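The structure is given below, and queries will be raised subsequently.
By written order: A, B, C and D. Residues from 1 in each chain.
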Amino acid sequence: MKKIKLCYIGGGSKMWARVFMSDLAIQEFFDGELALYDIDIKAAKRNQKIGNYINENPKTKSKFDYVVYEKLEDALKNSDFVVISILPGTFEEMRSDVHTPEKYGIYQSVGDTVGPGGVLRAMRTVPIYENFASAIKKICPDAWVINLTNPMTILTKTLYDVFPEIKAFGCCHEVFHTEQLFCRMLKELRGIDGLTRKDLSVDVAGINHFTWISKAYYKDMNLMPLINEFIAKYGKDGYYEEGNDIYAFKHDPFAYGNNVKFDLYERYGILAAAGDRHLAEFCQNSWYLKNPEMVKKYHFNLTTVDYRINDQKEKIKDTILMSEGKKEFEVIKSQEELVDLIAAILGFKEIISNVNLPNVGQVYGLPLGSVVETNAIFTNNLVKPVCQTKLPLNVLNLVNRNALNIETCYEGIKKRNLDIIFSSFINQPLCSNLTIEEGKKLFKEMCYNTKDYLKDFFNLDEYFK
Amino acid sequence: MKKIKLCYIGGGSKMWARVFMSDLAIQEFFDGELALYDIDIKAAKRNQKIGNYINENPKTKSKFDYVVYEKLEDALKNSDFVVISILPGTFEEMRSDVHTPEKYGIYQSVGDTVGPGGVLRAMRTVPIYENFASAIKKICPDAWVINLTNPMTILTKTLYDVFPEIKAFGCCHEVFHTEQLFCRMLKELRGIDGLTRKDLSVDVAGINHFTWISKAYYKDMNLMPLINEFIAKYGKDGYYEEGNDIYAFKHDPFAYGNNVKFDLYERYGILAAAGDRHLAEFCQNSWYLKNPEMVKKYHFNLTTVDYRINDQKEKIKDTILMSEGKKEFEVIKSQEELVDLIAAILGFKEIISNVNLPNVGQVYGLPLGSVVETNAIFTNNLVKPVCQTKLPLNVLNLVNRNALNIETCYEGIKKRNLDIIFSSFINQPLCSNLTIEEGKKLFKEMCYNTKDYLKDFFNLDEYFK
Amino acid sequence: MKKIKLCYIGGGSKMWARVFMSDLAIQEFFDGELALYDIDIKAAKRNQKIGNYINENPKTKSKFDYVVYEKLEDALKNSDFVVISILPGTFEEMRSDVHTPEKYGIYQSVGDTVGPGGVLRAMRTVPIYENFASAIKKICPDAWVINLTNPMTILTKTLYDVFPEIKAFGCCHEVFHTEQLFCRMLKELRGIDGLTRKDLSVDVAGINHFTWISKAYYKDMNLMPLINEFIAKYGKDGYYEEGNDIYAFKHDPFAYGNNVKFDLYERYGILAAAGDRHLAEFCQNSWYLKNPEMVKKYHFNLTTVDYRINDQKEKIKDTILMSEGKKEFEVIKSQEELVDLIAAILGFKEIISNVNLPNVGQVYGLPLGSVVETNAIFTNNLVKPVCQTKLPLNVLNLVNRNALNIETCYEGIKKRNLDIIFSSFINQPLCSNLTIEEGKKLFKEMCYNTKDYLKDFFNLDEYFK
Amino acid sequence: MKKIKLCYIGGGSKMWARVFMSDLAIQEFFDGELALYDIDIKAAKRNQKIGNYINENPKTKSKFDYVVYEKLEDALKNSDFVVISILPGTFEEMRSDVHTPEKYGIYQSVGDTVGPGGVLRAMRTVPIYENFASAIKKICPDAWVINLTNPMTILTKTLYDVFPEIKAFGCCHEVFHTEQLFCRMLKELRGIDGLTRKDLSVDVAGINHFTWISKAYYKDMNLMPLINEFIAKYGKDGYYEEGNDIYAFKHDPFAYGNNVKFDLYERYGILAAAGDRHLAEFCQNSWYLKNPEMVKKYHFNLTTVDYRINDQKEKIKDTILMSEGKKEFEVIKSQEELVDLIAAILGFKEIISNVNLPNVGQVYGLPLGSVVETNAIFTNNLVKPVCQTKLPLNVLNLVNRNALNIETCYEGIKKRNLDIIFSSFINQPLCSNLTIEEGKKLFKEMCYNTKDYLKDFFNLDEYFK
């Protein structure tokens, strides 16, 4: 078995870490060390214990050394792969990101990618990533770096801007759901059952959480015409990913009926490929997020931070029990693809999946060098983006506005220039309803709400005096 | 004197024609024929009579044959220059363009360039221009074609798309006012009096009515730093172009205090170079056009179509009197530059001024082939755009959104595809407040209000059924 | 089994047809009809008979209807795939292409891609392809079109230029050999045996027969450093693909010792990925083709047309015997990949292999729209080029000169403009030694030598008067 | 009068300095200090004395302080303009540049721009310019920097690469001669006399010494058709710039009959706009420089370095006499344009002339960032390149090959990497006849011949061991 060292920054994760460790354990291609690094060292140590239990599990095929490091540099040393998945700030900062704008009539279904919440989260996280990129450049420049943190686009950009030779890419599974939706269509409309996303091929282009599928095939069957049929049949009440409980959105804050996606398809002719909660945030707020009633009408939800906090508490409780051996959990292959991608890069498979990388030509019309999401080939130490079909002009316009907002936001953060950041903030589609005065007020309020994480990088008092 | 034939499409103009004829008369470089063509043949004949009076005026140095043609083809035949300046539809259509959106909370200060009014006006005018371009291709392919009609960008695009080898350009004097504003600054702040725009040099880039000056010099003096001083001194009450009557905007619907320009400058660091009434329409309506109160606050006006109708009546009255020899008018050099540009193209001068042309590289970041506005050199049968300083990312984003909206609108009109046109309509910054449902309703209403000019090109009933 | 119709233009092939039919027979994914079309209808009928024998062969898993058509339109009708593999003109024309330039000191190792021979061959073949593209557009616009004919680049360009929506791509196996060379290196230098090109991944970019590998991995092992070792060990005498008979080049006109490749690697640092006979023709002739002695020194050969004629005679003899049932041949999977690619497009596999397609961004630095060769994904009705590593500037310069020569040549042929074609001819690297006068003389001589195939398209007498 | 400080690097010039000082004296827009800096301090002091004589001349309108500095930093301090015009190395190095390649059958008519001589000259000069750029960045970052030294393209590139914000441009008068040739055509063919290049307008694009005019007008008269007439009338014997002494090329080593230009025009349809001695060096040597006989046939000359040495001796003698007041010289406006350009930048005029600047879009098809030559506007502290007509593909190919050779050469010198430099050397069109072995031998010989100026930057012994 191939020996490698994996470094996991954010290794104190409450949930995703044990999924990852299970996936590592269940495969047979490689083993070695999993270096856990987290500013919450206790949490990292709990995951270490869980890892050790996994090693004892009979289903485990690859045992790893689970090692907790206190210093980033030590964790990175000799790493072949670095996985970064962190929460910038606490849920209290996220509460401000998501809910402060509501006072100004801005509702966010997620609040971590674009919109006012996305900008503030970027302001907290980009400086941290600047530091990661510098450390990787110094300590393990040849390592593959896999970013899982949101906001995906700007953070992947940060890694490449600080260290242009970095072998980094961003992973996100949002596109998977839309591919699975095509599988559902094949089942519901054509009676073809048992397919997975791997049986289909799509042309997908855009930026993370706002990608668009312009071609989709199952063998030589064009899947695009199925969408109209599907909307005719299910569009009214919405179609839910798992089961078709049309009331799902009433109790599950992550559920959505795909009506945003369907509306965009009917207007633009190609299929937006992310969850509706994400898609809505890239559009001006009068379209899908004008108010909670409109959100309901489109069959999706505003996920509250209170919900996340309670959910997190449950996960921590579980983690503690598991780390103390008081609660069992199954060592089982998850739906996640990360371990497969690592195996592919090590040369054990060839995978075609979506990826976030700087644009070198794979998406026509978006700026070269901006981070875009498309398919890529993962294989033998290479991750190569695939050229995609040109986006229609009207869709390109929607995507490009957000892409340039993100580039602007990055420029502002890099230069520690709040004027430039504000120009990105006020131009967010979700801020369409704000007067400039309101925009300035809201920006100030959000900055001060999260100042503990900003003050080292931005001179708030001087700017807002 | 050089003999040429000028064809004037829209030669029944109520006001601009006699200004043009005066300018022609007062110069000494060329004479020949001015072919007047208009669907309102009476109006063209009135201008012919005025032209004949001009020929008798002692100040006239170049006498032209003023000839009215009933057929476009005859008017174009053997033309060296074709000037196009038309009103697409009547003021009744414009009334719908400008005022119907008010029911939906959309206020337009002009309504002929972008926003809902700009889209509808484009729908009426592009098919007419397709016809002009075809006729020019057939009858006088070597003529220089000068477009003066709004919406400038999409109409110049139409000319080039139908006949790529056309020698066409679009002229607009909006940038002049901002250049003159710099002259005012030099006077007010530095005591340098008597300068005209020709004494300065600017780098100006963008699209018509939404251009931006990123560099401005008088000799080796950088003029950009003057703007802050000027805002500090005059920004509160607004600064008016002609005189500094701070109440001008209360009675003159075209007056504005430059506060939109100043606000944009303070936020973006470069100077928007068009009248505030135009600039505001390229921004989301919450910025400057949320409601009439906000418009007042920013010291500009919503020009009503009633005002235009009354104004037009006065002009027609004048024209009739003049054509009947009952009212005199002075033969005098106007502020317009068109005759100078023609003289330059004929090789009598070298002029550097702004122009609308397809992007061949003069504006970095905007799509190649889209029509952009920059400086150009006019001389010896050549009109050559000048490469401009790169726009800052945040400004590029504002401009590009509008540029791609216009490209989308053109694609929709060209294909007679109302879905694509609507995608441009709903994405207009001025439509930011509309829900999709409202957007569709407004679009339908505006189409039907102006259906007499649309029905030959678009199948409204089928689309809106 | 999936039923399809395949149309084979050039279906009277003397050798490749039966290889293709065997490959079709041996697979189990699809069957249907193979439409054979050829201007040599007798040859097509012989292949039909061979096809029928194949159907009786016990190893055959998929039986096809082998149908000969006299009219192209009938052959194309209802086709799902169109394979084009023709010989433009006869070997007498090729004799002129290859050997006439020798009088002027120009030696060509192949003579069908670039150089004077390539230009003349393009002049004969492009008009034929214009006709194919028009017919496909009319008869079977949705068919996949696979071009196998040389000159690959310009012919694939022709298909797309005449019918931009065509689903065409060009296939060539030259890159395979270089991939196999890496397998040899792994065996010879690292003792890793049994690998095939499918076990490796490469980044390959350029134009057909002049592609360059800038990255190559087997699992996480970087293969590029092996090249220096390999050259040190084998470079002196040359290394031959099959076996290492260092005298191979003395008797096999297709053999080569890779010394051109090695020399380019030592000078440019990346690996040219085609046979040396091809590579040499893209470089100025003083480098590798100054005279036959130099060719020997670099361990490759000038393939004579006499050799091809004799070889062809043998093949025809064989074909006749086989078609009459007098000679057996094995139904066996060949090294060719075409049938696999078809299966992949039909959705039965996912293949990553090299392909010739218009540049939409996959090769940075070469003109958009020019036909380039890179890797692509073949799967589920999609063929998608993969973005490749940027070529070093010095290599880009060599490739771009040839790419622009081909674009120029295409422009000239399209416009039937011999001046433009000559400007491509005289700028061929292989024509570096010609004075302009000599160039004109040689061009004229070659045109007249092959005039039977040119006179319908070019007015030679007027041009050369 | 405007007070400025001009720094003249290379201020010990034997001839050009006094022309420049005369031009400065004769104008009335500005005066101040001319800082003379030269490694040959005696020569600088002689020019200072000449300057002082000029100040006493009654024709002098603007008196300057002529100051000699020993340190570059002192000379640069507070400079508003920096003019750089140096001779890298001595004529002994130039002798090797020009004549060593003759042993290998490479004849150079100039030897300072491209070809083997151009590469070696670049190797000597680029490191010196790196130093100038760093000093300017540190001492006078806001100064305008005007480069007059060859090789123009690579040196201007150096300035921008080391200090991207530099306000630098390169000036060359080669294009002027071709513009004057049009004036001659107008006189000879149309009887229009008395015109200067300023009366015409041209579209000119390319790289220094290899620019191409694709449009030319005098008023609305298209001048391109005149070229054929002119060739028909004068082409046989050549047409000489000054007078039409068809034997000029026999005694004047700088004279040429324009036959290279005419031949290129007949083959490419647009007019190459530099002296034939320069143009020939950008083409493969079999075209115009195969041997001295061919050079004669095309009516131009190989300028020997002996000639330059003798000429230089005369100039130095003159300079000494003038500096000692023993020889008079006239204070008179020269044909040079530099002082006018400075006046224009200071805002006293508006000039349209050609310029060398990094490509920001002014030349379609050449790499962005490579230094190109086009028209530009000089005015009010701005130098703005003008977008030019697209070059035909076949011409673009010739230009681009040289542009990428220069970019490659620069990359190699910047990285002190002789392998990369050699890849540019061997790919020079003038080196087309060299085998690789010969190329390496020649390169080595030329490097060692000029090693005194290379050894500080390149490790020759290690590379050539």
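Before moving on, here are some points about what is shown:
Rule of thumb we're sticking to: a residue touches a chain if its C-beta (ideal position, glycine included) is under 8 Å from a C-beta of that chain, and two chains touch if they have at least 3 such contacts.
Since this is a predicted model, take the numbers as computed values, not measurements.
The chain with its Cα centroid farthest from the Cα centroid of chain A is D.
With each centre defined as the average position of its C-alpha atoms, the distance from chain B to chain C rounds to 55 Å.
Per-chain CA centroids place chain A at a distance of 45 Å from chain B.
Shown for chain A are the residues that touch two or more other chains, of which there are none. Interfaces, counted as pairs of touching chains, are A-B, A-C, B-D, C-D.
Every residue of chain A that touches chain C in the complex is listed here, in rising order: 2, 80, 200-201, 203, 215, 217-222, 345-348, 350, 352, 360-362, 364, 375, 377, 379-382, 384-388, 390. Those residues of chain C lying in contact with chain D across their complex are 263, 267-269, 284, 286-287, 290, 294, 365, 367, 393-394, 396-398, 400-401, 404-405, 407-408, 411, 419-420, 422-424, 427, 432-436.
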